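Before any comments, here is the structure.
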Amino acid sequence: MARRYDSRTTIFSPEGRLYQVEYAMEAISNAGAAIGCLAKDGVVLIAEKKITSKLLDTHAVGVRREKMYKLDEHIACAVAGMTADANILINLCRLNAQRYYFSYQVGEQQRQRDGRRNPAERRPFGVSLLYAGWDEHYGWQLYQSDPSGNYGGWKAVAIGNGHAAAQNLLKTEYKEGLGVDEAVSLMVKVLAKSMDSSLAVDKVELATVTRDEASGKVSFKVFTAAELQPLLDAANAEKEAADK
Amino acid sequence: MARRYDSRTTIFSPEGRLYQVEYAMEAISNAGAAIGCLAKDGVVLIAEKKITSKLLDTHAVGVRREKMYKLDEHIACAVAGMTADANILINLCRLNAQRYYFSYQVGEQQRQRDGRRNPAERRPFGVSLLYAGWDEHYGWQLYQSDPSGNYGGWKAVAIGNGHAAAQNLLKTEYKEGLGVDEAVSLMVKVLAKSMDSSLAVDKVELATVTRDEASGKVSFKVFTAAELQPLLDAANAEKEAADK
Amino acid sequence: MARRYDSRTTIFSPEGRLYQVEYAMEAISNAGAAIGCLAKDGVVLIAEKKITSKLLDTHAVGVRREKMYKLDEHIACAVAGMTADANILINLCRLNAQRYYFSYQVGEQQRQRDGRRNPAERRPFGVSLLYAGWDEHYGWQLYQSDPSGNYGGWKAVAIGNGHAAAQNLLKTEYKEGLGVDEAVSLMVKVLAKSMDSSLAVDKVELATVTRDEASGKVSFKVFTAAELQPLLDAANAEKEAADK
Amino acid sequence: MARRYDSRTTIFSPEGRLYQVEYAMEAISNAGAAIGCLAKDGVVLIAEKKITSKLLDTHAVGVRREKMYKLDEHIACAVAGMTADANILINLCRLNAQRYYFSYQVGEQQRQRDGRRNPAERRPFGVSLLYAGWDEHYGWQLYQSDPSGNYGGWKAVAIGNGHAAAQNLLKTEYKEGLGVDEAVSLMVKVLAKSMDSSLAVDKVELATVTRDEASGKVSFKVFTAAELQPLLDAANAEKEAADK
Amino acid sequence: MARRYDSRTTIFSPEGRLYQVEYAMEAISNAGAAIGCLAKDGVVLIAEKKITSKLLDTHAVGVRREKMYKLDEHIACAVAGMTADANILINLCRLNAQRYYFSYQVGEQQRQRDGRRNPAERRPFGVSLLYAGWDEHYGWQLYQSDPSGNYGGWKAVAIGNGHAAAQNLLKTEYKEGLGVDEAVSLMVKVLAKSMDSSLAVDKVELATVTRDEASGKVSFKVFTAAELQPLLDAANAEKEAADK
Amino acid sequence: MARRYDSRTTIFSPEGRLYQVEYAMEAISNAGAAIGCLAKDGVVLIAEKKITSKLLDTHAVGVRREKMYKLDEHIACAVAGMTADANILINLCRLNAQRYYFSYQVGEQQRQRDGRRNPAERRPFGVSLLYAGWDEHYGWQLYQSDPSGNYGGWKAVAIGNGHAAAQNLLKTEYKEGLGVDEAVSLMVKVLAKSMDSSLAVDKVELATVTRDEASGKVSFKVFTAAELQPLLDAANAEKEAADK
Amino acid sequence: MARRYDSRTTIFSPEGRLYQVEYAMEAISNAGAAIGCLAKDGVVLIAEKKITSKLLDTHAVGVRREKMYKLDEHIACAVAGMTADANILINLCRLNAQRYYFSYQVGEQQRQRDGRRNPAERRPFGVSLLYAGWDEHYGWQLYQSDPSGNYGGWKAVAIGNGHAAAQNLLKTEYKEGLGVDEAVSLMVKVLAKSMDSSLAVDKVELATVTRDEASGKVSFKVFTAAELQPLLDAANAEKEAADK
């Protein structure tokens, strides 16, 4: 039955489903995971890189971007899915961020992003995004969007490969009011459990969005390999212990 | 027979039907219900949220928006169906609301909304909406629109999952001239009967549009969990009693 | 044979037919009837509403509009068919009415309306309309248009469900020179005979376009339930008597 | 063979035919006839109306327009085929007539009309037209155009239902140099012979384009029922006599 | 094999053929012939009209245009094929002729004409044209263009019905350096031989482009019936003699 | 397998091929050959004309253009393939040549030409071109382009009918540093060997691009029949001798 | 299964794959290889040319461009895949490079390049590119992009024919901190191993991007045959020795 209704995004199936949106979701399920959570003093994002090679230039611009992107001074994101589609959405977000900086804050930009052209017009974007940011009205925020055009605010959320398992783990492990450092540990732990192999520096990206209390400046920080290694070592050890 | 005419919205079947519109209706039938009713001093909207998780950030902007949206100072709405489609329609409504504020009041904006491009051009929006508002000429009003582009004014109306049963219940239970408090009780009761499980705070959104007699200011209020809990407890108790 | 030529409005069948137009006609045949007639001092429109519910808000703006619409000071209309399509056409008419008020009068606006884009470009509008109006040159006028883009002036005409039977009845019953009151009675009688059940206030809309001789002001009046009830009672009684 | 090439106007069949144009011709063959002829002092147009009803408002604007249209001060036309398509072409002609009044006269406007967009782009217009007019350079003129985009000047010509028979009759009966009165008689006679039933006032439209010698003013006149009746009576009598 | 590649002009068949162009050529093969030749003091064009009727208005504008068209002061053309397509091309030529009068002469306009939009975009024009003109640089010229977009300069050339036979006859009969009068005789003779029936005044169009040596003015002349008759009589007599 | 991917230029086959481009190449293989080579003091182009007739006007503008075209003062070209497509490309080249004369020289214009719209958008142009030119930076140059959008610089190259055989001959016969006169002889010899019949003046076009050392002026010269005849006679004699 | 989803780039297969992108990748796998690596003082690019002929004009502009292109003063690239597609991308890059010279440096231009229109709109570009450049912030950089729209920074990377084998070789042979001269040797060696036959001057292109320490000027240098020969000889000798 699906056959007749699944090749165009502009038609409903008799059951009221849009199959192309569902297939795009499938593309994301196979992509490297991305997980985020709110802390009382920031937001933490972690992600699994699928493309690794010692020949990759870890100092180059493009590499740092595989999973983590800064959108403007107040907001960053992590992606799971088709990188090229992510680039398009990210550029749109940046453009809007610059235009509406003063009148609209983080939360409003979310809404703007969804004002993009009707998803019925072409194939859906094959990518989910996590947005981490801060604004004056709502403080720290974490949003998730997907190919259907839906989005929502979360305390902790996972997308991509193994997202269901990670989400379950988050339900039991996440505690409100934790600090950024605790959140970082939690994120590493959850990612470690949802990956088949042990965590390696070249397969993980970790970032935080925090705010300097004095200046009020919001910063987006991507962890270096040196900063990341001890965190991964700890998580791997813990995982190994648990597996025994 | 339907087969040859159901994959494009731009053609009539020999019986004069537009199948894509009917399939979009189907999408709405599976979505979380939304119910509204007129009171003598306001309008009450209630809705069932399908996506619930203790990890959802109930303080975030996006969450409050799953089912209830403020359109401008005089009008709010509740949705049933595809959220992304709802967002597009709601943004259009807001834009129109700002443009025509002075010359057109609530009722007229309804008409404007339908001035959107011919539904024949692309797939219908897979969403129904309830609009609650007030204007000087017609007082309190409640409208419902659906994928066919139709809309109408109601004293009490239900859309989405179980709407037929809820509508029947409204026919016997709704009484003209009730106040907002009574209407709130009625809405909770009707939603309780049309849901399979008992009412939980994280699965229900309840809102009112009321007006301060002195200042004439119209307010849109979404009930907090604390405000909602006793109402749901009462309804669950009543339902349980009735089921025995 | 029809099969190969019936899914696009842009092709002729070998016999020179446009099937999509014919299918749109079919959609109208199943819609609630609308009937109109000219009187010496006005025009009368009556229509059968298919959607009725005691929960419908009969004071709301949208409800009064199910079948009867005011286009501008001089012209009103009744519709049979897809309401959403009717709304689009009616908005176009209103726009034109405002633009051309002084240079073109009622009759001319008819022509403008048909200057819409070639019906070959997209599916035909699935609706027929009756236009009732007055202008200085031609006095009282009643027009009918349909999905083919045709329109014509009538003394009395019926569209929608049972239009053929109603039209036959009009042929024998309509008398030139009758007044608005007699025309109202005739309209109620004809609608009564073409409906399966007896006439009920919530299923009938009745309206007149008349003109104040003194001021020259043209008015569009929709009958209230109170005004309508005695007329329906009389017609029901007469029908019952006739059926015996 | 035709099957594969007949559903789009943009392709040739292997024999170099455009089937959609031919199907449009078919639509015209079933339409009420229109016949015209040149006289030394004017042009005469006659046509058979297919839609007749005593309920049609013969005083209304739209009715007079079923077959005869005035394009500007110098030119009028009669149509056979789809009325809605005719309306589009006629509006285009009127627009051009106003724009080019001074620089181009009747003959030139013909050319302009054919400068419309390539008939290959969408379905052909399902209508043929007869144009009757006068200009300073060529005097009285009668043109005929059809769905292929062709047009030509004629002394006497018939389109629509029974056009071949009528054209044959014109060949034997038409005499150059006849006056408008004689031409009127001829037109009535030819139409009478090509119709199955006898001529009735509500089924015939007759019009002349003539010119006042003194003022040089060109007038388009549509015959009233009163003017038409004696002409039809005579023709019916003659036909009856001939049939015996 | 042809089947899969012949319904769109935008695709090549595996052998590198464009079938729609070939089918358009077929349309021209069935059209009335047009023949032209260069003389030392002008160019002569002759053509066979397929639509003849004593009711055609030979004084009207449109009629003179069936096969012969003046493009501007320096250039005229004859057509074979679909008249409506010819009209479009001719209007384009006229427009270009006015724009580029001073900077580009006859030869260059040819090139301009071919700068029309890529024939791949829609169905080819179903018409061939002969262009006859003069300019300062190249003197008298005769070009032929066809649906493929090709064109070339000829001393003598035939298009349309029977063009192959006519072209063969031209090869043996055409002599360089002949004068316009001789060329006129040759054209009549060749057309006579390539037509089934004898030449009749209402079936032939004959035109010359010549130049007044004194003023340098180039003229386009279409022969009247009176001028044409003796030429046709002579040719018919000669043909009859030859056939014996 | 090819079947499913060969009717649109916008899709890849599973092997990564674009079939429409390959079919367009096929069209060129059947077209009259064009051959070019670099000399130390110029470039020589020769081509075989397929359309010959003693009735072709060898003095007319269009004829000289069958295979050889001047693009601007510094560059000329020869074509093999569909003439109408060649005309479009040549007009684009000329336009660009005029625009960029000063800033870009010959080589750069090549690049510009390829900046045309993505060949994926419509059917590829069914033509290959040889470009011969001179500029200050690179001296004499000879380029070849084809339907895939590729182009390259050559010392000697052949396109069209028999191009593979001609290219092989060029490999053994071409010697760097030859003068224009020697190159002319070589071109005639290679064309003679690759044609079935002996060379005739009306079937061959020969042209050179050379430069006056004193003035620096670049000239494009097309050989007249008188200049061509002795060259062809010599080549025919040589070929005949070789064939014995 | 693939069949139904592989002919349009605008649809996902049920597994979330875009087949047209994968087919485009296939086109690249058959193209001549291109390999690049970072050195501490520059970037080296090498490539295998598939089209070789002694008749190719190695001094011409177009030839040097088969595999290597200069984009602006700071960046060059090597391509593998369809040359015509590469030209389009390269022209876009150049345009952007000129526009954004001052505000955006090398890394940013990468991002710009990906801001091109959604790859869903038409067939993907059948080409991969290696970009080699320098900027103030990130120093020497080497990027690779492919038909999916992805790109990334590499220390050493291979695309095109045999890229997997070459990439493996790079993993073992590449050493960080090597100088441009060592990198040149490495590139020649890796290309030699991945080609079937021994390296020949006319089949290899080698280029470096380096920077003059004193002036800060970045230069793009393509090796001449004379410079290339000894390098190839050495590599061939080494390969031969290794093969024994």
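Order of writing sets the labels: A, B, C, D, E, F and G. Residues in every chain begin at 1.
The definition used in the following text is that contacts are C-beta pairs under 8 Å (C-beta built on N, C-alpha and C of every residue); 3 or more make two chains touch, one makes a residue touch a chain.
Because the structure is predicted, anything quoted here is derived from the model rather than measured.
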| item | value |
| --- | --- |
| Residue-number overlap at the chain D/chain E interface, same or different (half cut) | different |
| Cα-centroid distance, chain A relative to chain G, in whole angstrom | 31 |
| Chain centre separation (chain D, chain G; CA means) in Å | 70 |
| Touching two or more other chains - residues of chain F | 8 |
| Overall pattern in which the protein chains touch one another (line/ring/star/complete/other) | ring |
| Contacting residues of chain F [partner chain E, same complex] | 3, 6-9, 19-20, 23-30, 51, 53-57, 59-63, 66, 82-85, 87-88, 91, 122-124, 126 |
| Residues of chain A that touch chain B when the two form their complex | 4-5, 8, 10-18, 38, 107-108, 110-111, 114-115, 118-121, 138, 141-143, 148-157, 167, 170-171, 174 |
